[in-house]
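Labels for the chains are A, B and C, by order of writing; each one numbers its residues from 1.
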């Protein structure tokens, strides 16, 4: 099989990769904000729950979490299609890292801004959403862009729970054509083409918005 | 309940610690309504802390604080989400040393924000009132400027307008000129001077500007290490201080 | 859905054996990454443009493609070029190469955080380049890097399950093996998750306290 014949099949897989990335990213952002803000709640119980959520998801690998959802959930009677499993698994995993970004960038907004808001008798929720969050959001962009790249790469794992993404398409083609070198090189190249622009964007954002670097890296 | 004789501010045996350090040592103070009180002293003496406690920005460990007869409950936890504005907090306005303007809003926005969001004015009314206040502090044409486009003195004047917008009965000025370049100090003091002349507000000023304190204060406190060392009228404290420590401090300050 | 504790106890040794392999692979992979990362970081500063560009390209490539696919590539394609390595070695190589790209960034920021004045002082004392690096720059660059390196170590630990796909007998493979043989999924995977947490949480805590200690 030649290059032109291989490409369409791989591209179809790439489309699934992008789909999973996008859906998981939405979930990750939503949960990330929710959990990140919960980490700042006055209630110790809520803070504790949020912290446990983050520590557990960060402390085990995404693959283990995916396998858990894929193999163990059905035993409890809940069988999800592979796409849903993939999106939930990767999305929740990424949300743990996203929540750390949210929590720490809010922490970098100067205490003085909180004080000024409080001095004007603004209730905490108002201070958060009118004063602190608008200042924290630009700072969140570069790490979020980074997380997106990591998420894109992590989607390769879903090939192991039978989802027909780019990596899965690659292994299928290798089995069908035996052209290991060509197929895997193409797969690598396609991932690069998808991820590199995001990496560049992230670096540009970091330069423009005054990079925020913390121990939030998601290796 | 507050009447003409109840002091508008009262602190009784207030003790505040930060970790192991004692910041306020059983401090007691009564401020009648309308008084202009200047607080001077070396850094670390606890002067700013008094203002911050009155405004409910920090917890205290012992004693009582009353604003217009209403006791203040210290915030319970360190988390900002647990802080609710203290009782009668709306009666007290505060201006900070570092202005603390909201960088993502214009001068008009800064002044109008709390008017609209906390006092519930419509956006239009809030902005109209904000415009008046900015004109009052001499920043008539600067409504659309962002804080980073304004000088330190201008920023501080916006901060004063912002605090005044809430129509407080007590204004707290926490070293409001200490972060300014010398040539900008005058414009801010001018605003405060006008305010003291044209309103009956109670004003507490923590300041290093001795001349200014002498000029507008009715009463001066000298503090050191969390205690009030001397409490007298400016004419007395500045010319014939009773305590040796006050004398030493004034000497050191005037020598600079 | 029940959790059979007796069964879990029975299979624990299998998982622990896998865990030992996991740690082995992780240690070797990380050492490779440390060495590779330093080499890349130095290469990025090389006066020769070719070296600089080659290193930059390698780093970009490794950082923008998934580890899993890199692993497949090494496992299936190297033999075609005549190099046949046992799965464990391939796994270590994949982890080491991938992480060397990330670690080179850590080295880079560590090196750049050393104040310019230090370099100038060394130059003023006519210290040769090698000594400048060994005695002045690296000793100052490394301590702040340690917590971040620690985080990457934990990251590598969490990536080791990938090696199961090329049949390396690490923890995940052991769990899958038990599940495949006994058709019981709950115990092995839960134990796996628990083992993961038991190993990674204390390590994270350690590195985080190290970080606050270094900063304060």
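We take it that a contact is a pair of C-beta atoms (placed from the backbone, for glycine too) under 8 Å apart; a residue touches a chain by one contact, two chains touch by 3 or more.
All figures in this text were calculated on a predicted structure; none of them were measured in a lab.
> Quick one: which chains contact chain A and chain C both?
Intersection of chain A and chain C contact lists gives nothing.
> By mean C-alpha position, what chain is farthest away from chain B?
The chain lying farthest from chain B is C.
> So how far apart, in whole Å, are chain A and chain C when each is placed at the average of its C-alpha atoms?
Going by mean C-alpha positions, chain A sits 20 Å from chain C.
> Centroid of chain B to centroid of chain C, CA atoms only: how many Å?
So the centroids are 54 Å from each other.
> Hey, how far is the Cα centre of chain A from the one of chain B, in Å?
The answer is 46 Å.
> Which residues of chain A touch chain C in the complex?
For chain A paired with chain C, touching residues are 55-56, 58-64, 67-68, 71-72, 75-76, 149, 153-157, 159-160, 167, 170-171, 174, 180-181, 184-185, 187-188, 191-192, 195-196, 199, 213, 215, 217-219.
> Can you list the residues on chain A that touch chain B in the complex?
Touching chain B: residues 40-42, 112-128, 130-131, 134-135 of chain A.
> Going by the contact rule at the top, pick out the chain B residues touching chain A in the complex.
The touching residues are 55-57, 77, 79-85, 89-90, 93-94, 96, 98, 100-104, 113-114, 117-118, 162-163, 166.
> Going by the contact rule at the top, pick out the chain C residues touching chain A in the complex.
Result: residues 1, 60-61, 63-70, 72-73, 76-77, 80, 99, 102, 109, 147-148, 151-152, 154-156, 158-162, 165, 172, 179, 185-186, 189-190, 192-193, 196-197, 200-201, 204, 208, 211 of chain C touch chain A.
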